[in-house]
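One chain, chain A, appears in both complexes that follow, with chain B as partner in the first and chain C in the second.
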Partner chain A sequence: MNESVIQVRGLRVRFGNKVVLDGVDLDVPRGSVTALVGRNGAGKSTLLRVLVGALEPNGGRTVVLGVDPAHEGARARSLVGYVPDQIEVPAWMRGRDWLAFVRNFYPGWNMKGQERWIDLLELDAETKVAEMSKGARTKLALVSALAHAPRVLLLDEPFSGLDTAARHAITTAVLTSLRDESRTVLLVSHSIPDVERLADRVAVLSDGRIESFGDIEDLARSERGGIDLDALLLAGSTVGVDGL
Partner chain B sequence: MSALTTLVRQEARECRQSLIAAPCISLAVLATVHVLLPLEFAVAQAAASCVGILVALWSVYFAADLFATDCASGRMRAKALLPVSALEIWRAKVVFYALAVVGIGGWALGCEYALQWAFGSPDSRMYFTDALEPFVARLPFLAVVAASAILCSLIVDSALVALLCSALVAFVLAGIGVAWSRGLSLLGVVWGPVEWSVANVAGAALLLALGALAFARGQARFGSRRVRLRLVLSTLGAALLVGGIVGASAVYRRVTGSLEDPRSTFETASASPDGRWLAIEVVGPSWTDGSGRSGTRSVWVVDLATHESELVVWPGCLRRDWLNGCALPWDDAASFRAEVLSFEDMRYTGSNVRVALRDGAWASTPCDPGETDESRIAPAWAETTREKRENDGMYALSVRWPARGIEREFVGDRQETGLGRGIFLSPVPGRVLTLRDDTLAWVDLEDEQAVSLATDVYTLQPSPGGSAILVRQPNGVQALSALDGRPLREPWPADCVVSWIEGEGDPHAVLVRELGRGGRGFVEDLDNGARFEFEGDSWMSRMHRLSDGRYVYVDQHSDIVIADARGARLEKLVDR
Partner chain C sequence: MDARLYIAIDPRADLPPSEQLAQQVRFAVAAEDIRPGERLASVRAIAVAALINPNTVGKAWRDLEREGVLESRPGDGVFVARSALKVCLAAREAVLRERVERLVADSQSAGLARAELQEWIDACWARRRGFKRAGGA
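Now for the complex of A and B:
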């Protein structure tokens, strides 16, 4: 639990003149579920894109499972499972077509695992992506992220815009994944109940920096730091606070 | 299955509609040609054109669609999340494109040959094959256009816009090709089809390399189109700017015939009355664009005190004395005139400019368009007119002496009545030198007597100031006074070529060159008898005599130097 599988040091990202991440430091221990919260535009998705090597930072250093994604992006992506906030799967493909396409890039792709996740998530993989609901697309992305048995799972707003059933299915899948395979999860979410249910650590991203980071229970009880869990989580909550 | 194969297959699946439509449309067009056109020759020609145009269209269409649709739909972002490098995705795109174009092109070709076999004849197949050749020759250019279309598809979000941009780029590329060809011709280089093909293929490769770089940089920023756009435009802009500046500079240096260029020679010169400035007419090294032109002329002003030089007229030459071809003297201490030449053929445009020193800088302004031919050796005492007679085709030169009311008409051919060639008016009023029937004679207008001065004369050459002439005969060259006809020195032997050295005032200095291998050159001043050996290439170099007796010339090291009246080299005017 003490070994960091994700290390972020002084990470800086800017788009044009706009500074999105301004010296982010973060350590995610092995086997933990870390929730990354913050207001819209705080840079949570940007941080995850940097971690999978899809976005080259302007400064700082990141290491994921011993790999620097800025220089070995393809290798980093082969080691982690990533569910992006927007799932851009060709609309004409069926779910199973997409999985068949993606699995060619992962030597460790587990077909049995794929079917298991499809069943667990109750995904209709024969449906065309164009006809899939947002929840189904998220499930498809989750299947493709989990079927190659990654040691790190990065989830970017997986519960956004989902109904209760879909949310429950995905949460169950994540918990199962954690239980079975001792996977490390970095979760970006605005849903406080889901964060409370899944995460054991919380990092609050504000003004381009990690404002606070620690065990969710410790942060909630901390009087010295004056941190209130609800206020902490609400700091990043503008949508999806149902369940509070 | 490898990642590359998977990605190529995915490309094919995503473009499957186009991959089906393109061959069908190609077949339909070719079949229509066979149905509509009656003659097999016409069918072969039209089918070859159709195949060529279809291949070009499909090449550009697939190139324009290669990235644009993916970028617009977000699929490129999805591919950015696959565990493959950006270059792997790029390779897959290019491989798919090559396979698609070759496949569709091959299909169109195969269809037409099949139609030819079915409905044509051996002759029509031969016609078809021959008619394809011009299109095959243009394939390298198509490669450049296709590569630019791929670049366009990287930086816009719509295949249609990319297609339109590609058409625009094709025109721009054609323009660049024309400018490139023009620039090369100005540099004396003419490219053939092979060179152009190699250049086109290299250009296509460079554009693809730029595209790969832009794509990789864009993918590193989560498929950012802005990054790609910025990189492509900045690189192309910088390349065009640098290339344009370097090319224009090279062409400029080449065609201006810089005074500092050792390949340039000076044709003639004229010094200011105070001896401070020297206007030099420079002829640049030969170049050609296929029209046979050579040597651009330009006029430079050199400060004889500081040796600084400045280009003042280009293309142009010093205003000439129409009778002996020497440069006219300066109008005053700080201005002279020059003739403006056409850049296209280096011919006189009919316009003159006055070059004057104003506020420490040389500036040229147009002269009065009514300026007529001028000569400093045309004596003021005479008026002349020449007309061609209609009855016998001969010319009549009328010489009038208004002060005495005398007019005399000289009839002869063009040569015999040409001022400065067949007839020369002496500075002494009433005296005319004529060269006709190989005899040089004095004619006195008052008593109309003609006195023979020399026989077997080939040519006469007036001195820069008009007070002497050089007369070439079989047995040598004589220098005679144009005032009284007396010899200025002993004749030079026949194996010498003698010519006047131009200069200010009325110098009687000549350059004597010995004929034959290793022949030397000498400078002689007929006024004071000074004689020295010329150290430069006497056959190639021109000399100019300044009013103080010094000489300006190009030495054996191609430097422009100044020597004193005895030939002792004084200083280097232009180090080349």
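Now for the complex of A and C:
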């Protein structure tokens, strides 16, 4: 667990005059599931977008599996599975059409793996995206993120707006993907029960920096001087997410 | 996963997930649902079945090994230790005594008469008789 697969040093991002990330330092150890938490607008999604090379930072350095996504975006994306918070898939496509399109970008795409994830998630891949529920679209995004067997999986609010059954399926799939012991997950979520199930480490993003980072059970339970996950996440939480 | 080891983790409970899991294993051993010498499913299989992070399972296993409930045999797996039953019976008794202590304290501060509490316990006992299910926390 000592080897970091994601290293972030002094990362700065601003949009116009607004500073979003102001010197983020983060090491995500290999084989861990690290939850990135913080209030709405704290810059969690921005950090993930930098990690997949979709956004060029204003300063600092990031390395994902030895690759700098700011300079080698396409290479970084081919190594990483990414489920964005806004899933944009053409509405007229069937799930399977989308997968057939996406797999062209990944040399490591595994058709058997694709079918296994479809089965495990109980996704109806013959349905048109326009007719899919939010849960089905998230499952489709997860299949396309996992089918090329990435060593790093980045999940941006994968539980947001999902019913219990869909959240159960997503949780099971992510935990099953951890049977590959070298896989590392960075998870952005407001859903505390899901974070407490899935994650073993938590990083708290506040005022553009990582405020604390450590073992989730230590951080979530420390009485004094520790963080209170509930209070931290209340602002902008997804309402009505109880235990699975 | 072994059907006799039924694990249910509630992430919102007071106990952290690793301690909930450890507690449920202790109760399963105390109830002899799983016995010394038996091999447990792999950490990753249990993580998927219980819907928790594999490192959280690993943490619970380390605690249970330290207590003498589990025993890891490198290359072979994790087994219920020979000393487990004695340890788990004592652990279960400690948990139950703690709960009784709390129940009595709450009843006293609510001004309940001892006979009244006794009546409730008797009624509850009768209702649940035959409903045999070793539960965790």
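Here, the second predicted complex is superposed on the first by the 216 of 244 C-alpha atoms of A that agree within 3 Å, B and C clash if a C-alpha of one lies under 4 Å from a C-alpha of the other, contacts with A are read in each partner's own complex, and residues count from 1 in each chain.
The working rule: contacts are C-beta pairs under 8 Å (C-beta built on N, C-alpha and C of every residue); 3 or more make two chains touch, one makes a residue touch a chain.
On a predicted model such as this, the values are computed, not experimentally measured, just so you know.
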*When the two structures are overlaid on chain A, which partner does A:F105 contact: first (chain B), second (chain C), both, or neither?*
first
Now for A:Q86: first (chain B), second (chain C), both, or neither, which partner does it touch? first
Just to be sure I read the superposition right, which of the two partners does A:E196 touch: chain B = first, chain C = second, or both, or neither?
second
With both complexes superposed on chain A, which partner does A:S78 reach: first (chain B), second (chain C), both or neither? first
In their shared complex, chain A is touched by residues of chain B numbered 1-3, 6, 10, 14, 73-75, 77-78, 80-85, 88, 219-223
Contacts from chain A onto chain C in the complex sit at residues 31-33, 168, 171-172, 175-176, 178-179, 181, 192-194, 196-200, 217, 220-221, 242-244
Seen from chain A, its contact residues with chain B in the complex are 49, 52, 54-56, 73-75, 77-78, 82, 84, 86-90, 92, 101-102, 104-106
Residue set of chain C touching chain A in the complex reads 9-12, 16-18, 44, 47-48, 51-56, 59
